Structure formats: structure tokens, C-alpha cells
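Every chain is named by a letter (A, B, C and D) in the order it is written, and numbering of its residues begins at 1.
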Amino acid sequence: MKRKEFLFFQGGIHPNDCKDRTRLESIQVAPLLDKYTVIVGQNIGAPSKCIVKLGDDVKKGQIIAEAAGFVSAQLHSPTSGTVKRIVTCPNAMGAFVPAIEIVADGNDEWGSPFEPIDDWKTAAPAELKQRVADAGIVGMGGAAFPTHVKLSPPEGAKIDTLIINGAECEPYLTADHRIMLETPEKVIEGAAILGRILGVSKIFIGIENNKKNAIKLLRFKALGTGIKIGGLQVQYPQGAEKQLIYSLTGRKVPVGGLPLEVGCVMQNVASTVAIVDAVVHGRPLIERITTVTGKSVVNPGNWRFKIGTPVAKAIELCGGVSEAPRKVILGGPMMGFAQKTLDVTLTKNSSGILLLSEKETEQYGSDPCIHCGRCVRTCPMNLLPSSISLAVESERFDVAEKQHVAACIECGACSYACPAHRPLTQHCRRAKTALAAQKKALLK
Amino acid sequence: MFENWLLITVGAILVNNFVLSKFLGICPFLGVSKNLNTALGMSGAVIFVMTLASLVTSTIYTLFLSRPFTFLGVEDVNLGFLKILVFIVVIASLVQLVELILQRFFPVLNKALGIFLPLITTNCAVLGVAELNVKGGHTILESTVYGFCSALGFALALILFSSLREKLDLAAVPTAFEGTAIALITAGILAMAFMGFSGLV
Amino acid sequence: MTQHPAQQPTNDSLIVSNSPHIRGKETVPQIMSRVIYALLPACAAGIYFFGLSALRVLTLCVFFCVGVEWLCRKLGGRNTDTWKDGSAILTGLLLGMNLSASVPWWICLVGSILAIGLGKQIFGGLGFNPFNPALVARVGLLIGFPQIMTTWAVPNLGKMSGVDVLSGATPLGLSVEQVAASDGLLQNLFYGNVGGCIGETSAVALLIGGLMLMFWRLIKWEIPLGFIGVVVALTAIVNYHWPELSSPPLFHVFAGGLLLGAFFMATDMVTSPVTGRGALVFGMGCGLITSVIRIFGSYPEGVSFSILIMNALTPLIDRSITRKPFGFRKEKKA
Amino acid sequence: MGIVILAFIIALVVGVVLALIIGAAAKAFAVEPDLRKEALEELLPGANCGGCGFPGCGEFAKALLSAESSPECCPVCQPDSLKKIGEFLGVSVEGKERKVALVRCGGHNGVAISTPYNGVNDCASASLVAAGGKGCEYGCLGLASCSRACAFDAIEIRNGIAIVHPDRCIGCGHCVDVCPKNLICMVPASVDVHVYCNSPEKGVTKMKLCKASCIGCKKCVKASDEDQMISEGFLVRTNYSTPPNTDLIAATGCPTKALKLASIHALPEAPEEVEP
């Protein structure tokens, strides 16, 4: 029994993965659009600082916004053209943020790209890390945490394991799956580069068992490299950082702690491939693979979009919809963000665009809790969502704090399982933000 | 011997629970059961007062009131009829004393208990325990244990009830039944459940 | 492929809500209906052994419970379609199963008012009731009408037409000596050929229902395990040391409402603890109180009382049992 | 007869003994009651609204006595009772102006773009989800968090926005803290002219989302005297230290009617139709 090799965490749910519509669609390259709206500040941490002015001519790959601080990332122009205006544009969270509107000149001409580092196997790790930072690479799985920060563990931290996250446990999404199938060499090479930067030799690639072909392919490609491919139980949220580390290594990341406290660094598959592009091909991160799917999408598929592509355009490329959507979600259905406008544009962490029609749209109710304990059973963090939710309803955030609400990873498993359709995840989020605000007020 | 003690303890805590079976001390039961922490404080106060009251009243009764003696040429004077009068005064002063001590040393607890500490003075539960000791023919030691166990029973009911009421606070109770009404109904159902213990000892 | 012409989506009335945007298929009505299905074998057994009068009692209880639910919602000025979630039907069924087949119709009505009115709607409806509604009714009736509630029907096999019911004793009412003297009692208890409440009679049917619930993962296994386990353990100890006090443990498991209580009543989601550990404590408490009442108390049956008392303890259990989050570490002392 | 006397004597003895014990205990465990605090509490309004920043009037009285706070901090006290408190404490109390809450958003459902929101029914929770259902990130979500926080029933939700009734508002400021959009501010009650918009975005962006937004045309700034209206970027505000008078509304002719009188804004059928 090979499967026993890896653990599986407590709790979790088994939603219908709905990946069939796009699983077999190979990645298509989106044609050049005439306009891109690139949001400034696509990463967690300090938002980047815009360095272009109105009317500036930019080349493809030219830096248009600079990292503002250590935990920040560079931003590059997706194509060549002119900066038409600096606007404010809603981001995936609904907040208005500055954005640079670039009108493409149609040539899609590279500026001065980086010098490719062909011999990365002998290059200094610091040089490679600098390249990752210069290329503006962030965690493309969802959090958009600047990658070079993750690769710079603090003094004294002992990193011995690198984990490449190819679990893609979110239903509907197949972008990472296609990346692994179509560019397996890049995944392996990227993992090796990351291993060199970190100086670790223990490298895992974690993939859920519903992507058997990807597991087989990568195992084949990884022969002789020492990289281990873990076929993991199909269980949401298998791809969550703490759960994946536990499944692969048996280590538990402490509450409120980072993976590096247990000697792990995790990277998403898409980011890993982006690192290969940056190091070996000298290209900054200006495009990403995104799954556009949903029952009502006429031609769903996996596309290589440039950063800054408006969602409306992306849907148009997929042949439009057969039925008006009631929900447009950036990201997967479990943790993605519902959008109120189609004007939002793709960012470095947009792994999917999901359209749900009227029929598929689930409504949250305000039915009372029947104490069935489904949420308790499914919570991968071993919390008590039902109690937290009741406490939040009566605004008792102190009670929620005692129930360790701060450890919630907002995976949504509790809301998924709740038969009374209570908005449990939102209650947890509310408690977390309220407690964070309280703490901030105390520090003042 | 063992059975006798079992009878007194289990009987006082469960079977003849002061609140749920004898319906004594309902006032603090309803008044201080809104949250668990005050209920715990009140339970402590009641346990203290009832044990002490049992000890003191039982001592006074066995030593002075229950035995016939000769006085001023009158034979076989039995002062048993004075017991209620004496008990009331003794208990009242006792509570007064407790309150003074609390005020001085535990002002927070005193504030939390509020009006209910003085109310123990006139509480039927405390007078009841003294009277039941006499009726049951308990010795001083038995009385003290009985008083302590009765108070434990009271505390048990109070704590159970306060946690229930905290839950009820979140319930969508119809307006007509909000507050004390629903508390009384809950108490009634609880009392029904405790009837299951009847005949246990 | 698509009937509708392809169109470009617009911004019109896009719903925003928090993630997750998909949900499991389980709903409250579905849970309720599954519990009802699991009760059906026991109901069928009751009707088989007690005849049509059992069917009459069950039907009346369900009908009255739904009616009272509707009426209470109406009087309270709230939405009146809550009976459609199936919880009132379930309560009615459970209430009927807790009655003898010989009860008059008005007992069903009073029971339904007690169950739905006093046990549930007065607290605000499903999800808010601290006590199991059906048990509130059963205990209320037992205290209010002891004569009627302790007159048990005895099985009249094959006479499906008869509405007249013979009355007799429930096995739990038998003394320890009588139990020891009767032949094949355990077997009869197992299949259900004994007097008693409609739903309690057939142990095998209840076990089937219980297994269905476990299979659908509708109940926490800790509750029946703790409940039955403690009853078996305690009665075994008492039976071994003082045989005159208690019958053997298997008798206690199959007789009376223990199985019905352990699988269907104690496991009521609303009134039992949320966590597994809490459920185990809850079940063991039920078992302890049941054994004590059965062995020492004046009532022959202690299941309903014990569950009600543990219902009252549930908030305390829920409060005192906290779970340590995944990766929890004790804070190091600085 | 002897028994009666005996009973009398015994009762007397018991009484005297107990009285002595209690008396001694009262002396031994005596606690000075704080008379000043009680007297001061009498003078305070007793609304326990918490507007002073202390949990209830009792704590506020304590803080006053220890000079940790000043009487002006009480938002509810009327000038005459303030004066009394000042006399009691022996401090001079400056007369202060009554303040009322102002919700700086006029984007009701008729003029502002909004999208259905499904989830927990309070503003703070809704603002976590795509910044709420309103198209404008800065707009009032209308889920009544402020209204529920108000103990004086002064905030009404009408047509998707919160509307303050200045006559009922006592200025405790509870609503200010609960608004996740920071829309509510306390303004002098005597000022009636306000700009009902809080979006710092460009006029074009705002107009796309809300027809009642302040587009920063500065007509009102020009029509008013110097310093009466302050313009900050694309947003104009009333200068509450030198406020304009109500004539300004007519003189300006605000194109989006974001400039309004609070007294008219709160009327049940406020004339706030905006021509398409």
C-alpha cells in the first residue's frame, strides 16, 4: 500500500470536484488585447509604488511599479504600449485601488529582459533569489505572498524541506493540473532551483490523487532527481499550507506560526514554473494560467492570460455564457471572492474565474443552529465553528477568541457542511477582523 | 450507618432537591441565574450560609430548646415552640455578619450578589433547612451535613439552570414568554426531569 | 449543445457573498426525513405486534404535532411553514412511539401540545429547545396521567383489525424474581413480542434503525455507546454482586426504552453536545442516571428522565469542553 | 405564666447577644461608603450610554472624582446640569455645543448602484465581502449596524441608507465606532448644511456608481463665503468651525444634490429625486 506513505489530516470535506469540464482542455494562449488594466499592489504586504507617468511608453516586461519595502513585489508591464491613465479600479476584494491602464501598441515587444541564467546549478543562491525578487514573483495559489520573502528565512531558522503545492484541492480549478501535465520539466526544474536557493535536498511535490496522470508523469520526470511526488488523499482543504505540510511530513505548523518554524517552505506549482521562466528564460511574471469555468460558460478552458486582463474579456474569449451568471468568483468556489462587477482584472493570484448561474447560486440563510456538529467534524483546524458563530451573533468576540478563532484558515469547510446554511465562515472572518482591530487599538 | 448518610446526602442533593422538588428558595434561583459566574458566587454564598445556619440552629435547638427543664418551679418546660422565632433571628444576624465580611473583604463578589445576599436572610430555603433538621430529628452533625448537601442541591440546580438560561438568551423566544416566563417554564421542565429520582432512597 | 444563444454577461445583480460558494447537499429537512426512515422499522414492528391501534396512535400524534406546530407559529405571528422541515413529524412519531397502543386519543393531543408547545415552540422553535420535545411530553404525561401511562398494551399478533387492546405489564415492571423465572423472555424482548410502548417493543427493529443512522452519520456514535455501555457495565456489576437488586444486563438493554432512547432520543442534535468527547460524557451520564433509577428508583423506567436531566447539562458540557486547534502548542513560559 | 416570662427572657437574651455581635462586627469590618460618588451619580443623567468613554455613569462619576475626566465629556448632560456638576466638583465648566451624528452618504437605492448581498446581516460582516453590496466602496451599506447600536432610536434605515434624526440624537457617538466605512462623524447640532458623500474618488468614477455623490465641482465653495466650505481633492466638506447658513443650498444649486440640509434629509418624504 503506497498510499499509507502519506498521512491525512483530521476533518475536511469531499465536495464534487467539478473539474471534468476543463480537465482535458490544454492551455490556450489568450490573444493580445488592446487594453490592460494592471492593479498596483497585487501582493500581500506593502503595495508597490507606481513609477510610470501618464503617456509614458512602456515595453513588455518593463517595471511599472516598484516594490515598496521588503515584503512587496515588482510589477511589470504585460505588453508594450502607452500608459493611458492611472485609474482606480476595484480589486478582487472590492476595494478601490490604483491601477495602470496600458493601451497595447500591438507589437507585444519585449523591453530589456533579464539575462537568462543558464547555469543556475552553479550560480550563487543569492543571485537566484535576487532574480526571483526582480521578476516580481508572488505566491500564485491565492495569497500572493512575495516569493523572495519566503525564500529568505530569518537567521537561525533551519529549513530542511521544500514543498511544491500541486494539490489544487479547490473544485472546478484545473490550472495547476494542466501546468503539471504540459510543462512537467519546468515544475521539476523549478523545484530544483528553489532547492538550490534554500539549500535543501528534501523536496516534495504534493498532488491529490484525483490527478493520477500528473502524479505518474511527474514521478517519471523526477526520476534521479531525488524529488518525491506525494499522491495525497482527495480531501478538501488538502492544499492548505498547514494541512499539506502535515500530510507530507507529519509536522504540525503551530497555531499562528509559519511553515518555517517546522523547517518547511512551500511554493505553488504555478509560482515554481514562473521561477523557471524568470531564471532560465529571463522573463518577469506578466502572465499566468487561469481556469475559466462554470456550467454556463460556453467554452470553458485553461488560458494563459496576461496580468491585467479584465474578467469580462476573459469570459468573452471563452465564448460567452449561455445563461446570465448570478455569481462571478475570482479563485475557486471554496475560498474565492465573489465579484460585484466584471470590471475587475486578473492579478498574479487569480487561479480561476468561476461563473455560477442562478440555479447553482447557494443562498445563506439565517436558520438557527441545530447543533448537529457537522462543522466541528469537518473543521481541519479542529475548531468549534458552531460556538464561534453563536458567540459572534451576540457580538461576544471574547468568547470567540477563547475558542481559538484566530487559528481559522477560512477554508469554508464548515459552511459547506452546515445543513442549516449558516454563514459560519463569515462569522469566523468577522471575529478575526474584530479581534485584530481590538489588538491594534490596544497597541495604540 | 452508611445507608443513613447516603440517605441524607443523596436525598438532599437529588431526590428532595430544595429548588426542584421542595420549591424552596425560588427567588434567588430566578434572580441570580442569568449568568454562570454570578450563579457560582451565589452558590458559594448559599452553601456557606446554609451549612452555618444548620450548624448554629441545630446546636441551639439540641442544647437549649429541645430538652425539658425546670424553671422557676415550673416542671418540664419545653421551649420547642420558640424555635421559629429564634431561628429567624439567628439566621438574620448570621447573614448580616456574612454580608459585613463580604463588604469588607470581597467587595466585587458583594456587588455581584447585590440584593440577593440580604435576601438569603428571609429565604425560605435557609429557614426551611433549619426546620427540616428539627423535623427529621437530625443530630448536630447530621444537620450540618444535611444543610451542606441541601445547599449543594440548590447550587446544582442553580448552576444547571444558569447555563440553560445563558443558552436561552440566544433563543428566539416569543415576546410574550421572554425573560422570567421562559425561565419558569424551563425550571418546570427541569423539575419534571428531577422527579425521576423519586423513590431513590 | 446549449439551447440558449451565447451572450456576454453583464454586471446586473451579481450576488456577493462570503466564500464558500458551493455547499454540501445535506439540509435540515433531509436529516429529519432520514431519521424518520430509520424509525420506520420500529414503527412497523409496533404495528405488527399491537395491531391497528398502534397505527392509530402514531398517526394521531404526527397529525396533532404538525397541527400544534402550525398553530403555535400562527399565534406567534411567525412563518407557519416550519413543519415542512420534518422536525414536527419526527417529534410526533417519537411521541407516538413512547406511548402505549392503548392510550385514548386525547392523550395524543395533550402529548403533542406538551411536546411542540411546551417543549419546542415556546423556546422559539427548532434549534432553540433545550430539552427533547418528545421526552418533555412523555415525562409530562407520565407525571400527569400515571394510570394511563403505565397501562401497557400486550401484543395481539394476527388480530390487525382489533382496536380493543389487551393490557398487561411491561417487562420492566416485573420484579427481579419474575424476570429470572420467565423462559424465553430475552428472545421475546429481542424480537418485540412483549408489552410496552409502541416503539420500544422490538429491539431488533431499533437496532436496524440505529445502524441506519450510524451509516448516514446522522448521530454521534459516542452517545449510544456511552449510554448502553454504562448501563451494561453498571447492571452487570450490580447483578453480579447483588442479584436480588438487578436483572442481568442484557435484559436491561433489550427491555424498555433504552435502545429507542440511546439511538433516537439522546442523539437528538439540538439537545446533545456538539463535540464527540462531550457526546461521550453525555451518553455516559444518561447511562448512569438510567441505571440508578432503574435499580433503585420508584419508576421502573429511567431513560426519559435521564435524557432530560442530561439535556439540562448539555450547555455546561459544551462550555467546559474546548478543543485544541490543529498545531496547538502550549505557550512557553518566557 | 412562667413559660411566657421565660420565652420573653430567652428571646431578649438571644436578641441582645446577637445585637452585640453584629454591632461589634459592624465596627470591626466597617467600610466608608463613598457619599460623594453617590451624590454625583444623582446629578449625572443615568443613561449609561458610555458616550464619555467609561462603562456607565457610575464609573464616569468615579473618574470625575479622581479628576481623570472632565464633566464636558458627558455628551448627554444639558448645560444647566453640567453647571451643577461643575459646582459640585468645584471646577469651572465651559458651556459646550450639542453634537449630533452625521452619516456622510446620500446614496440611497434610487441613485446608487448596488448589488445583492447575501450573508451575515450586519455592516462589519458585509464590508468583508467585496466591501459590501454597494457599488461605491465608501457608501453606506444600509444594514443597520449603527441603528442597532443607537440606544435612542435616532438612526433610521430608509431606502438602503442610514439617516440620522438630529432631534433624537444625543451625541453619544456609539454609531461612530460601529460603522465599518467610517461614514459617521459628530458635528455641531447648530449646523444644518452638510455634504452627503465620503468618497475621495474622481468625479467620473463616483458618478458611475452613485448619482448623488459629490463630484467636486466646487460650486458651493464659490457660492459660499471664504472658509465656509473646504475642498479636499474631489470632495467638499462643511467647515464646522465657520459653517455656512442654510441659504447656501439655494445659492449653489448643487448638481447632484449631495449638498443638503440635515433637517430636510431626515424628513420622511425628503425631496431627493435626482433627474436622470
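Keep in mind that, in the parts below, contacts are C-beta pairs under 8 Å (C-beta built on N, C-alpha and C of every residue); 3 or more make two chains touch, one makes a residue touch a chain.
Remember, it's a predicted structure, so these values are computed and weren't measured experimentally.
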Most remote chain, CA-based centroid, reference being subunit A: B
Pair sharing more residue contacts (C-beta pairs) when B-C is set against C-D: B-C
Rounded Å distance between subunit B and subunit C, as computed from the means of their C-alpha atoms: 35
Between subunit C and subunit D, centroid-to-centroid distance (C-alpha), Å: 51
Inter-centroid spacing, subunit D versus subunit B (mean Cα positions, whole Å): 46
Length of the line joining the C-alpha centres of subunit A and subunit D, rounded to whole Å: 42
Shared-contact residues (touching 2 or more other chains) in subunit A: 94, 337-341, 363-364, 368, 423, 426, 429
Touching two or more other chains - residues of subunit B: 170, 172
Multi-partner residues of subunit D (at least 2 other chains): 115, 118-120, 125, 128-130, 132-133
Of subunit A, residues touching subunit D in the complex: 87-88, 90, 93-96, 337-341, 363-364, 366, 392, 423, 426-427, 429-430, 433-434
Residue ranges of subunit B in contact with subunit C within the complex: 36, 159-161, 163-164, 166-168, 170-174, 177, 182, 185-186, 189-190, 192-201
Residue numbers on subunit D that touch subunit A, as the complex places them: 115, 118-121, 124-125, 128-133, 135, 137, 201-202, 205
Residues on subunit C engaged by subunit D in the complex (per definition of touch): 11, 13-18
Subunit B-touching residues of subunit A, taken from the complex the two chains share: 368, 390, 393-394
